[in-house]
Amino acid sequence: MKRIGMLTSGGDCQALNAAMRGVVKCLSCSGEKVEIYGFLDGYRGLIYGNYRMLSGEDFSGILTKGGTILGTSRTPFKLIRQPDENGIDKVEAMKKNYNKLKLDCIVILGGNGTHKTANLLREEGLNVVTLPKTIDNDLWGTDMTFGFQSAVDIATDAIDCIHTTAASHGRVFIVEVMGHKVGWLTLNAGMAGGADIILIPEIPYDIDKVIEAIEARDKRGCRFTILAVAEGAISKEDAKLSKKEYKEKLKKSPYPSVSYEVAAKIQEKTGREVRVTVPGHTQRGGSPCPYDRVFASRLGSEAGKLILKGEYGFMVGYRNREIVKVPLEEVAGKLKMVSPDATIVKEAKMLGISFGD
Amino acid sequence: MKRIGMLTSGGDCQALNAAMRGVVKCLSCSGEKVEIYGFLDGYRGLIYGNYRMLSGEDFSGILTKGGTILGTSRTPFKLIRQPDENGIDKVEAMKKNYNKLKLDCIVILGGNGTHKTANLLREEGLNVVTLPKTIDNDLWGTDMTFGFQSAVDIATDAIDCIHTTAASHGRVFIVEVMGHKVGWLTLNAGMAGGADIILIPEIPYDIDKVIEAIEARDKRGCRFTILAVAEGAISKEDAKLSKKEYKEKLKKSPYPSVSYEVAAKIQEKTGREVRVTVPGHTQRGGSPCPYDRVFASRLGSEAGKLILKGEYGFMVGYRNREIVKVPLEEVAGKLKMVSPDATIVKEAKMLGISFGD
Amino acid sequence: MKRIGMLTSGGDCQALNAAMRGVVKCLSCSGEKVEIYGFLDGYRGLIYGNYRMLSGEDFSGILTKGGTILGTSRTPFKLIRQPDENGIDKVEAMKKNYNKLKLDCIVILGGNGTHKTANLLREEGLNVVTLPKTIDNDLWGTDMTFGFQSAVDIATDAIDCIHTTAASHGRVFIVEVMGHKVGWLTLNAGMAGGADIILIPEIPYDIDKVIEAIEARDKRGCRFTILAVAEGAISKEDAKLSKKEYKEKLKKSPYPSVSYEVAAKIQEKTGREVRVTVPGHTQRGGSPCPYDRVFASRLGSEAGKLILKGEYGFMVGYRNREIVKVPLEEVAGKLKMVSPDATIVKEAKMLGISFGD
Amino acid sequence: MKRIGMLTSGGDCQALNAAMRGVVKCLSCSGEKVEIYGFLDGYRGLIYGNYRMLSGEDFSGILTKGGTILGTSRTPFKLIRQPDENGIDKVEAMKKNYNKLKLDCIVILGGNGTHKTANLLREEGLNVVTLPKTIDNDLWGTDMTFGFQSAVDIATDAIDCIHTTAASHGRVFIVEVMGHKVGWLTLNAGMAGGADIILIPEIPYDIDKVIEAIEARDKRGCRFTILAVAEGAISKEDAKLSKKEYKEKLKKSPYPSVSYEVAAKIQEKTGREVRVTVPGHTQRGGSPCPYDRVFASRLGSEAGKLILKGEYGFMVGYRNREIVKVPLEEVAGKLKMVSPDATIVKEAKMLGISFGD
């Protein structure tokens, strides 16, 4: 018999349930007897021993369900080694609970921060298998993460809706897409939605180039312009600041987000009316798209297979169209970013999309 | 032969094209010869004689298309009697262009402001037929406006997405729904999305009652709470202010909108994390829902029928499941609001929804 | 304390769960103590005493869920008075189970057949409250049934998809829409999807008129034609047959359904390629649309109110924009059909839609 | 200046317009002057010299539009060398028209059959660049084709809808998914929709194994079973027949398609009610999904790049996450099938999905 722990950590996204269902279906079909211990609300559940025993039925009908049946929370890695407000050593507590339940391993679903902690637990001797969850698609070691394509769909829907209203009013519209550090989501949703200008963290923008692109459209008789702007878009000047300086600048900014600053600058320099729309957390929610359901199920089943074979210390990833196991130490702490020279960026430019660079 | 002018004014919404297609299809099928003059960008097109001749082909394939093929703009009624920056008398200019083109009538699609100007043009002797367009469903004289149900669908989609993420994180979430003056959209999207608390302009809220409702859910073991808050939601104290006083208060407010103020107060008084999502202009855009397509087509065809009979000075509306013609003077300047005693409000309360009152 | 039975009968549809949730939320919020007995698989559950006690939690999160958590089955009214294969008197068995559980009343959700049996149970002394469920919108006594608008959405989606492919290939396409006896669904989906020809049971068609309409489109340069055809569409000649004669004719027909027969005739007489698509049972499934969620919740809450007041023997319906209680004896056995002279039919014709009549 | 011909051939699919827009946007943005000759209705347009000059405006706003603005038709490769009914040599006619218009090259969008003819034209000396369009994803030389993911989305939607109704009624349901020769679409939609049994052409099924899988679900208490069955699913016995024998068997079959035969056999052997749903041509239609929009745009832009460089005789494909040019002679006449040993098939089996083998 196998005793498997499971938890979802970090911001939630689509297909978390699909992935967990995949793990459990694979284990159940194997003939091996398994007990599933679902820790509630991310690492918190593991720290404080808050869990539920889960049966096959708990995983039935959740393939299409957004969110996570286990709940989740953000537990910043930089605080993980610090005792909590009651002096409890979090890492020791997690080890203790893991050992107390005599777990064979723990399956952890999460993004970047989550993987740092997962790798730490591995170093501490726990048997860990992870699955790459994030709408940002910024996890190192895998070409794709689940949640990403579903988020692209929702952000694209938003751009589609804005398109008709922008065209009717002849306006400049900014759709702010999630992504503080990387631009995959903005880039893909922008291309899918037919955005004219795409601003992402990896390619700092020059506001004059942005305005040039808008005015070039004007001259061609296009009455409106759509910008897809990542939360973490940054201007060329700001990109020269140190991280600390930039943080402080942001704090003092009168704008709720970078998009509003871009909007203000365009409005000021061109006199045109600019509107901002922020689909926000909707991008994390709702039913996973078919792509993510298949992808997460496949990863889940492969995680199940690793567990059956007793191979631990890996993230199940996707590379060159193959599902692979990636050592956790290779994943943790690295970010997969959009290269300004990436083929897809070049193609976007060939399509006439401006990056303001 | 009939010479028909046509324009769309005010904020755009779904099914404007469907409605215009309905008018033109009806006229074309009647055997009567017609010429369609499409004025561009709302009343501005009529004022400055900016129009396009439209053929049947222009209306083909637009049933499902959001926005308006004529473009639109906001032309505030209170400025309509004032000359423009070049001293042009707008009303006279509109009359002149109407007469110059020897129009038999003009079809005007719009909401509240639009109808005030439409009624003025009627008083000035123009033959006017109007169609009730607005996502707010606040037009007097009709039970329903097109655009409304499509906007409900989009706002509900947003709440659905937020639902899964709110549940996963155990958070309080506010979805800000369009509607500065009336709450139909928020009320319906809130009920459809399973919101726990709905705040609308017509029912001023008491923040303590709102918090009570959240805490009652906590006690029942519900980890999360969803609020659907109209842009124009107002607290009981603020409702006591004069319009002018309230406007000034809003100006000085540190919050981008009322939703953020509600969020801040809940956070402050309960210590809970509260997030705000603003689907914003997406609610006006995208393809009209099937309900709106049928409804707008029906209204359009009845407008065509009125034109064929030479009956002018009416809005084509919908009352008690019948399509009716409503004299423009009855429509203009009135607002159809949600009564705090309305059956649907009582039903929402029976379902356990709090209005914070 | 109230002891409430509940069952869903007949073909399933969207918003059954939303309606039941509405009833239960209303009862729970009233302060009254209630016990809910959910009978499984329609009347069968009541006949054989197959039920589950349901708590508030069972109704949480089901607002957006298609199908019915109670299961359903078809129990034809004409067999209800006949003993089952083991000689059990069904009506007596239902009464016995009702009395054994000391129910205060039973809430029955269903369509036409269901209402006949519900009325019979009322005559037999049971306290019955019903809710109008059907994608066909053919229930007497209510302007609208839940499930209808969701089905319109799905059928319209199908027509939308067919539209692009029909246009690309220049083909004649038939989309067969559910509805053996009435044409509301086909009429509305057809209008929403921009169908050129709509065939419904209430308006027998003349195949030559249908072909005429196709050829008229050809002449106008329209490369393709879309027909929305109800399952129960009938030709003028067939409409002259007795019910029995027609049934026999159908049995001997080489075509899987009327749509295929229409397709074959068009193909034969015009030489054009005709394709048939049958969305079928998908029209009953999936998440209810926002309209249905609000509508079903409202009806459910009003049913709860009736129960609290002890008013039994009614269907909760919707008439002239008000929610009303309709005596069951008025509902049972009657069909709400599309009148060939209905305003909406006239409007459809004004839009250039042919009914082949 | 470049003179570019363009045509779309074979069954239409989503993102054809997006791909053509990609080519044209790339060419327009390059600064090079181009003339676009759009041949109508596939190869027919090239054979009979039926074309339209296209401007940049024709490609504006079509990113999200299903179908093809050029129209399409099926021109079987095996007939391409035969003269038409008027004795016209098709290949010569195509060459003549190509030369008459002094084309620099012709861009051809299509699937398997289309590529055979495209390769023939290349052999005949025409400059050809092709793009891989098909919902079947069965083109050799590319990991992915556009149209595929959109079709997966629609087929999955259908399965989702059927899921709720199957569960409510406790029925066995078959959803017939497009694919006469290959099973990619059925496999992916089946996995995404949570189908319990998937039957595809590449893995012949044993009806007893299928029934076993249904009965195993029964025993586990699952009231319903969903089968995703490809149009070209084949039983183990039938797979032993020669192609000709099987064709004749199909001709004599009393069933409209294999799905109905499978349904009849299950019904007969188990006594269970089995329903079949055929989403059919809807799978080809409607707006392309965001994935396909991005993918088709990228391929289109790369095709534009090849044209600018004067590199002809290639299909633009996608391999190991890179966009590549594949010599046409490598593509033509080969089929990319699902291997019964493919990882994804193994994973599906690990998830408990039966292939009836």
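Note that the chains take the letters A, B, C and D in the order they are written out, and that residue 1 is the start of every chain.
By our rule, contacts are C-beta pairs under 8 Å (C-beta built on N, C-alpha and C of every residue); 3 or more make two chains touch, one makes a residue touch a chain.
Model, not experiment: these values are computed from the prediction.
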| item | value |
| --- | --- |
| Longest centre-to-centre distance from chain A, chain (CA-based) | C |
| Chain centre separation (chain B, chain D; CA means) in Å | 42 |
| Computed distance of Cα centres, chain C from chain B, in Å | 31 |
| Centre distance in Å when chain C and chain D are each reduced to the mean of their C-alpha atoms | 35 |
| Contacts with two or more other chains, residues of chain C listed in rising order | 160 |
| Contacting chain pairs - touch in the sense defined above | A-B, A-D, B-C, C-D |
| Contact footprint of chain A on chain B as seen in their complex | 8, 11-12, 14, 16, 41, 65-68, 71-73, 154, 157-158, 160-165, 167-170, 173, 223, 256, 275-286 |
| Of all residues in chain A, those that touch chain D in their complex | 22, 25-26, 28-30, 63-64, 143, 149, 152-153, 156, 160, 188-189, 191-194, 289-291, 293-294, 297-298, 300-302, 304-305, 320-323, 343-344, 347, 350-352 |
